[in-house]
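Below are structures written as structure tokens.
In the two complexes that follow, chain A is the common piece, with chain B as its partner first and chain C second.
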Partner chain A sequence: MSVRYAPVGWNRNKIIYDVVVLAAAVAYILLYIKIAPGFQDVTKPTSGAILRAQAFGTCAFLMLTFILCIGPLTRLDARFLPLLYNRRHFGVITCAIAFTHATHVVSIYYSFSPLNKYVAVLASNTSYDRFLGFPFETFGIFALFLLLVLAATSHDFWLRFLTPPIWKAIHISVYVAYAAIVCHVALGSLQSKQSPLLAVIVGLSVVMVTGLHLVAGRIERQKDRNTAESAEESTDEAPWVVAGDVESVPDGRGIVVPLEDGERVAVFRYGDKLSALANVCAHQNGPLGEGRIMDGCVTCPWHGFHYRPEDGCAPPPFTEKVATYRLKLDGRRILLDPRPNEPGTYVEPVRVAPPSVTEA
Partner chain B sequence: MAGRARDPGFFVGYLNSVPRPLAIFLVVGAAVLVGGMAGLAFALGTNVNDPGDGTFARKLGKQEMSGILLEKPYPILRVRPDAKNPEARTVMLTVPGKRSVKRRGRKLFDQLVDVKGFMFQRGDIDMLQVQGKNSLKAVEVAEGEAPPEFTPAPAESLGRWRLIGEICDSKCHLGAMRPGDGLAHKACANLCISSGAPPIFVTAEEGAVEGETFLLMADQDGGPLPDHFGDYVAILIQLEGEVERLDDLLVFKVDIDAAKVF
Partner chain C sequence: MQRRHRTTHAYMWKVLAIFLPAMLIAALAIRQHGPTEKSAVQIEKPAAETEAPAATTDE
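Up next, the complex of A and B:
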């Protein structure tokens, strides 16, 4: 959390994260251009500039594949959550590598002619009316443009300036960029390769990205259904809905309650108190209900943003706020008023008997 | 949480401490990421197409030759045999960069010229990159001496051929780039050809025409290809046309619009 904008709020974990990502990228590129050529079965070696363009291009594609898998992986296994923490740096590094690929390509294929090299990129191949020979570079340019926009707006300043919904809507276009890159590779490099390896890797990438998202989505829906079924027992006390049993909320943690309108509410228990907040973090829409109570605050599992459970406000000097919800008890059942309060509205916590302690 | 065997601990990025089970998982994950990327780099970096034996033969040194400079279909030199190279031959010409010889040779076409430069070679086909000061000039005749005479052999028709292959730009395919073919190289090939590099037809079957794989391309009338040639570059196509022999160089005269795309 930060109230003052700095280029990067470095900490040890961010440094380790970036070092690992850079190590993976450097290892990939060095192996591709320095070691692998010694093992190629070729009459004469591939031109160095083309080899570098290939290395940076394939590296960016693989890194983008990994980035897109992080989200659904965190839904399948919470141990992947730390990968989300600094995912934006991963994205910026990927964008830089994709940009390097593009500069290599422009300097090899489009320079040294009477035509301006950037004009040549668009003018050299105009076979838009056919599949084979389609100017696949167009997809690459489009994808690079999107990646540059995402990298340029990745800082929290832009998140605040654009507001989280708009920022998120812009950044979801990373999937469009990925689709464009798949088309770029499929209509370009794949058509020229004699070895099926690249085709297999691209295919696996598409299967992994779409498959993980589908599986994670299915599990999410199943979780919602299970929660809804466990709270199926209705109440006549309109507009209250049953959120679950007191025992279903572990101390220091929360449960996520899906509402009929598609919203989700995070119900937290901390000691003998229960409070309910919107499940969506004001920072990057992280799932608050999967967070923990730390230092008396609900802590987002994505970037550690804090909110007081009673009023949904980040503790001073921070200013983020989320909506709160009213709770009440019906015996051991937790009832939730599904109408959200204005973000930051104080709601008196519901008191429950503390968890029973059994001594051995 | 239901279905989760063990709590790995809760990670908060700005707190430097990471729960031990999670730290172990992340260290293993980081090793898998770096190792996986390295493995993929090796696999992809070694599985490349053989770009052939095309090369910029600078090690041969600067070549000097004289002959008749022809403009069509693309700048070529009908080389005058001499003591060093007694066989008549025809060499495609280029200049450094993606540019044409036409500008430098515009006043010299159909004349006997002296040319200097470096060779591109691939298999038994080659190309001269005209390079350096005064590297393309009319043959100088000493005062009082008769101008040298040289009449190249007339073109020999080899009949009509139907060939399957790919249109490439000669310069890249002969070694300016490796690989200098395929769809990944299409835009570059288009740019090279439109900038003046002679296009060649590379037959899918090696040595398809009288043992030759590379044929200089021309339109049906022996002129350069029409402007929309680019639609057919770098893809597998079938073309039909007359093949002519100019010394050791074959010329494939085609109607590009009749190309059959596979």
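Up next, the complex of A and C:
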């Protein structure tokens, strides 16, 4: 028996997610093309091709805004987690729409150039020494290039091939792409349009995206400050730290324990057992401690990757592993050895006695 | 690893939180309104223009 390779592991949730995103994008584009002519200056009607280019461009911008809000929203409220599940497909669809916008614009404005139309995009305006009149197309091309790289490397193959740290470092450039798009719009459409609506939309997008990221970052910093205290009485050489009380860990769930070195450990309770794993999922660094125990495994809240709590190994046929940590009990206090074991190292779970037995 | 990623994240957004609004405000504040952006306004025909063709026809 072997595991069949599937380029995309489709499931019901992914299909629903993609259908909703695609339907919303198509509805927006059709509505824009239908409604926008009603708001335009009747003395200077916009052609259908330009309307389509505007519809695709604004759609891609709004989609990117939404994508960038998903991350901080999930940090603020776990109810937004379903949006994160298939965010990569969302990004790929956004890239396709941005690419369609670019091809429309090139066809409309550069088809009659004596130069090759793709050369003309870069050669028609070379005023790089100005602020107003700066060739805003350059920002758009740069952003599209980044989005294409991100879409091309979004598959799990690249995640494994590049390793999560490098993959994450590359994909953080989506923020640079967003900044480039804001510059593209500010120095492009906002310079030639009298309608304040686009300016308001871009302004709101910037306020929302930056605001949410700053708030989420602040909350994460506060969490990092509440590091686990050292246990007063160490009976062996391990530098035990207090992870919390047994009662603070809900059954089937975990708590996140920040350590002094900035790493975080997830302590899980399942029935009468306690185990500790690194808080970082081996897939995309998702916060394991915010997941729950399902079918006897810790489940990452981002994409549902499973790990056995005792050894941090994904169940076969999967091969992902995370580091494990030693735990022990001091009465009802959970003590944690902050030194990580090699990923996949078995650690005997700590048995929790019912409160009445301990008290007796 | 986790901390480094969070720190990079936080640093990037601090920079962007200053740069993006500043960029947007500057671009909007100093944008120029060209004459072509104004709506066309219908002007009245000069009085002399209405009389002149009639005279031409008579001749």
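To be clear about the criterion, the second predicted complex is superposed on the first by the 324 of 360 C-alpha atoms of A that agree within 3 Å, B and C clash if a C-alpha of one lies under 4 Å from a C-alpha of the other, contacts with A are read in each partner's own complex, and residues count from 1 in each chain.
We take it that contacts are C-beta pairs under 8 Å (C-beta built on N, C-alpha and C of every residue); 3 or more make two chains touch, one makes a residue touch a chain.
Everything quoted here is computed from the prediction, not taken from an experiment.
A.B. asks: If we overlay the two complexes on their shared chain A, which of chain B and chain C does A:His89 touch? Say first, second, both or neither.
C.D. replies: Neither partner.
A.B. asks: Pick one for A:His155: touches chain B only (first), chain C only (second), both, or neither.
C.D. replies: neither
A.B. asks: Regarding the shared-chain residue A:Ser195, is it in contact with chain B (first), chain C (second), both, or neither?
C.D. replies: first
A.B. asks: Mind working out whether A:Tyr110 is in touch with chain B, chain C, both or neither, as first, second, both or neither?
C.D. replies: A:Tyr110 sits against chain B, while chain C stays out of touch.
A.B. asks: Among the partners chain B and chain C, which is in contact with a greater number of residues of chain A?
C.D. replies: For chain A, the partner with the higher number of touched residues is B.
A.B. asks: Output check: A:Tyr32 vs chain B and chain C. Expected answer is one of first, second, both, neither. What do you get?
C.D. replies: The answer is first: A:Tyr32 touches chain B but not chain C.
A.B. asks: So, A:Arg221: does it touch chain B (first), chain C (second), both, or neither?
C.D. replies: second
A.B. asks: Between chain B and chain C, whom does A:Arg333 touch in the aligned arrangement: first, second, both, or neither?
C.D. replies: neither
A.B. asks: Using the superposition on chain A described above, determine whether A:Thr43 touches chain B (first), chain C (second), both, or neither.
C.D. replies: A:Thr43 contacts both chain B and chain C.
A.B. asks: Using the superposition on chain A described above, determine whether A:Gly203 touches chain B (first), chain C (second), both, or neither.
C.D. replies: second
A.B. asks: So chain A touches chain B in one structure and chain C in the other; where do those two contact lists coincide?
C.D. replies: 41, 43-44, 132, 187, 191-192, 194
A.B. asks: Contact residues on chain A for chain B in the complex?
C.D. replies: Contact set of chain A toward chain B: 1, 9, 11-14, 20, 23-25, 27-33, 35-37, 39-47, 50-51, 54-55, 58-59, 62, 66, 78-83, 85-86, 108-115, 120-121, 124-127, 130, 132-133, 135-137, 187-189, 191-195, 197-198, 201, 291-292, 294, 299, 301, 303-304.
A.B. asks: If we count contacts the way the header does, which residues on chain A are in touch with chain C in the complex?
C.D. replies: So the residues of chain A in touch with chain C come to 41, 43-44, 131-132, 165, 168, 172, 175, 178-179, 182-183, 186-187, 190-192, 194, 199, 202-203, 206-207, 210-211, 213-214, 217, 220-221, 224, 261-264, 279-280, 285.
A.B. asks: With touch defined as at the start, can you tell me which chain B residues reach chain A in the complex?
C.D. replies: Contact set of chain B toward chain A: 1, 4, 8, 10-16, 18, 22, 25-26, 29-30, 33-34, 36-38, 40-55, 96-99, 177-179, 181-188, 190-192, 194-195, 230-235, 261.
A.B. asks: Any idea which chain C residues touch chain A in the complex?
C.D. replies: Touch residues, chain C against chain A: 1-3, 5-6, 8-10, 12-14, 16-17, 19-21, 23-24, 26-28, 30-33, 37, 39-40.
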